[in-house]
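First up is the structure itself, then whatever we jot down about it.
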Amino acid sequence: MTNSIDTPSRYRMPTVFGPSPGPRQGPNGERFDLSDTPRTIASISFLTDEAELRKLLPPNCELDGEPIVTVEHVTLTELEWLAGRGYSLLSVSYPVRYRGASESVRGSFMPVLWENRCEPILTGREELGFSKLYCELPEPRILQGTRLHTAVWEGHEFIRMAFSDLVVGAPPNSPESDGILHHRYIPSLRQVGESAVDEMVLSPQVSSAKPRYTSFVSGIGEVKFIRSTWEELPTMFHIVNALESLPVLSPRFSYIAEVRGATDLSEQRVLG
Amino acid sequence: MTNSIDTPSRYRMPTVFGPSPGPRQGPNGERFDLSDTPRTIASISFLTDEAELRKLLPPNCELDGEPIVTVEHVTLTELEWLAGRGYSLLSVSYPVRYRGASESVRGSFMPVLWENRCEPILTGREELGFSKLYCELPEPRILQGTRLHTAVWEGHEFIRMAFSDLVVGAPPNSPESDGILHHRYIPSLRQVGESAVDEMVLSPQVSSAKPRYTSFVSGIGEVKFIRSTWEELPTMFHIVNALESLPVLSPRFSYIAEVRGATDLSEQRVLG
Amino acid sequence: MTNSIDTPSRYRMPTVFGPSPGPRQGPNGERFDLSDTPRTIASISFLTDEAELRKLLPPNCELDGEPIVTVEHVTLTELEWLAGRGYSLLSVSYPVRYRGASESVRGSFMPVLWENRCEPILTGREELGFSKLYCELPEPRILQGTRLHTAVWEGHEFIRMAFSDLVVGAPPNSPESDGILHHRYIPSLRQVGESAVDEMVLSPQVSSAKPRYTSFVSGIGEVKFIRSTWEELPTMFHIVNALESLPVLSPRFSYIAEVRGATDLSEQRVLG
Amino acid sequence: MTNSIDTPSRYRMPTVFGPSPGPRQGPNGERFDLSDTPRTIASISFLTDEAELRKLLPPNCELDGEPIVTVEHVTLTELEWLAGRGYSLLSVSYPVRYRGASESVRGSFMPVLWENRCEPILTGREELGFSKLYCELPEPRILQGTRLHTAVWEGHEFIRMAFSDLVVGAPPNSPESDGILHHRYIPSLRQVGESAVDEMVLSPQVSSAKPRYTSFVSGIGEVKFIRSTWEELPTMFHIVNALESLPVLSPRFSYIAEVRGATDLSEQRVLG
């Protein structure tokens, strides 16, 4: 396990077999080109209760503007780092302002996201600080103009997103944002409850990876988190139930978009 | 996200929803009783080439005695932390001696293990430093006295363990060992190639969790790692191919056992 | 596609590739030996309303004795016709008396059973007339003495069997029975609503395949069919809802048994 | 189980719960509208050896013109009879001329097709006479301009279709054809080797269901059937190996198309 000084390699466990191929490092150490990678985004936003949402803030963050929660189901295909395979994810986020010792940024905080494949969960948690968890994300069901996305774990459905009355439209201007914030946390083995890593990190906006919309429709979106028991979701019930406690005060923008172009997220950085 | 001083809680990402239930922390912070938890172990050992195996050693370790590789397929059921569900794993290990700044231990080094469920992979990597990866581990195929265990990823079989001529026997005495060693490694976000955590850790032998055999048969065991391409295993080909490079010089002990009693591994500790 | 007169071969679709290997015909036309094949049976019986149950009777049958419904989850392993693989099934049955033109038999009628593998569903429907359907049958969850079996289709749980207070006991004497009855039905293509095959068939008791119990516990069993919508179970909602309409008037015998020995069901015959 | 004379209902096993919802009969007996149902077709044709292909002909059929085998992977979504879900299939076909007692038709004979969902397999076999079998059909892998479709059963890949150099083009004129032919066969229970149903059936061309192309690219296509053992494919090895025996003498037209519009196949009829 040696890295040349010129080309430091990325490692993850296991280490003894050499550098770890992943989204930001090909089998020969190369980067991947994501400038034309397609994805489908199904997004629902809603206004919630400010006091309730404030309970779900990470260190050094406060809510920024209206308490609007955005839930997105994203389908990724043609991923070069997976030799052409794809996967899906479902994320939750809301706008925050971070004020640290040396800098202040505004963006979306992503407290949790689910993915239906273990490999990007491991690389995303350990290399990026994304709070990724596993669940099944079945193909959307499309019936008479209604489109239904669900999240399921072991026969238990715990999130349901329904879209209807979709009409072709133009993507809105993105709000000004420095990027997406995450709370990166790795426990220490030296003392229960202590951390080895505890830091706020940022996935910055990358102008070169600005998504190009190839299709855009907007309409009515409804998202429902389903209150769940420990028996149903033994490692996730508290997360789903906290999200279920956020009232939907009024719907906001909902859309489904086909997009091309992404970043490999190698710009991910620790906030100061 | 506050811990009382008296009862520190375990956290993993995501953090903002409170302490994280897992193998070492129930939904109310309690520990689980594993003293009667059953598991089935299918184990194959073989003598390999010392020079080849030496290429797969972690920091501060050397081979200890004969270069014997052990491959084990383990089926776990009735796990309380998963509300009664189970999963399977397939591990690789070999005997090493660790010599650190302040201590020296002998045990099995586990460079990699695969599991067919994402939740224990996350807790095991982050809370314990186990080099866990995901794959499918189908139920064994048992045909006319031959028992076949395989490891599969996306339609590609990459490990095959075959048992035959199994006869009832007595479990051998365990070799003297301080436990199982792992190389715990978490990358830093500050500099590519740098680590946030890089330490040798130990799962110590726990006398109270000494397994009680309820069934034991031994016989002929053959294990085969299948050389794989990047396209077949884009994040794991280098691991499987390194293991495939270890020649089987002669078979050693192979057995299948039913066992009761385990530890929750909360004794896991960093080696000095 | 030619059969010798001496050894007629079994065919199923597709036909042009030659005889079809299956449970009753090996790759070389041979029969399989099931005399030591293991299976685990988890069985719950309950008394229901006679008038409700009478709605679910096949042609030429009436209820025989008390209206007792039996629901069984069975796990099969080491199946030679699947080259050592296994699968699970969940069946429903109740006692009937069949009176046909030329014979009268008593036995259990099996209106429906679910299996978690497509191959035995096809052979069972077409070669035997079993009313097999597909669903997921997860491994049982065993938590603090309670054992839970479920049936799931696409993220929707529709049957739940719970066992508790299990104590070792002796298997009861089987009731006198001629076997298990099925309504074999294949539609015609010549006219919608007409049948190509419509007959009552019997899986006779086979004395040589009398099961040998290797473990037997009995206790409290509760089964619940979960009322479902067309959207949740578009091809099966009417079946599950009909079963849900059967009230549980009082529990009857429930047990879990490990058994060895089975028949390949080649004795299956049409009732006259 | 009674049908009014005016509206005969379709039944499949199980029968006692009433008419069976399916592709040609909604929950209230209605038909479904497939006039805008989307599907993606990935098609590869090749010239093979006439004598080899002649071994795979059904009753009353001879090859019609050049011995060209077509292998198609089709992805179906938004299926109303599955409440908006979809599935994939992979079919094999070649041109034949059928000459029966009372009619003569020309079309493609489909000896076998695989689907990755059990429900359409059951309805297709029993209501239509399609020779459907089950396998996994993973999402295509798309890597640097190459598109790979595979068929997998229990960790064993047995068909591989690769597309490259795809360029936008116009769909060719369909050859004159009366439709798709199938050999419908259901065994009898009265005598091993005898049939309850044995007939040639036709899925006629339906002018109202003429597909509308929304995207069309053609290029180089290569299909490979992978020789398999009984242990790998215990119920299908003979099928895959027979297809593997068909030499690829020269490639013919290969394309990938997005199409809208289908029939529910209720025109399926028995050939005389």
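First chain written, first letter: the chains are A, B, C and D, and each begins at residue 1.
Following the convention adopted for this analysis, contacts are C-beta pairs under 8 Å (C-beta built on N, C-alpha and C of every residue); 3 or more make two chains touch, one makes a residue touch a chain.
Owing to the predicted nature of the structure, the values given are computational and were not obtained by experimental measurement.
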Same vs different contact residues, chain A with chain D, by half of numbers used: same
Centroid comparison with chain D (C-alpha atoms), farthest chain: B
Separation of mean Cα positions, chain D and chain C [Å, integer]: 30
Gap in Å, rounded to a whole number, between the CA centres of chain C and chain B: 39
Distance between the centres, which are taken as Cα means, of chain D and chain B, whole angstrom: 44
Residue list for chain B, restricted to those that touch at least two other chains: 83-85, 141, 143, 154, 231
Interfacial residue positions of chain C with respect to chain D in the complex: 1, 3, 8-18, 20-22, 27, 56-58, 81-85, 111-112, 118-119, 121-122, 125-134, 154, 183-187, 189-197, 199, 201, 230-232, 234-235, 237-239, 242, 266, 268-270
Chain D partner contacts - residues on chain A that touch it in the complex: 77-78, 80, 83-86, 139-144, 146, 148
Touching residues (chain side chain D, partner chain B) in the complex: 136, 138, 141, 143, 150, 152, 154-157, 231
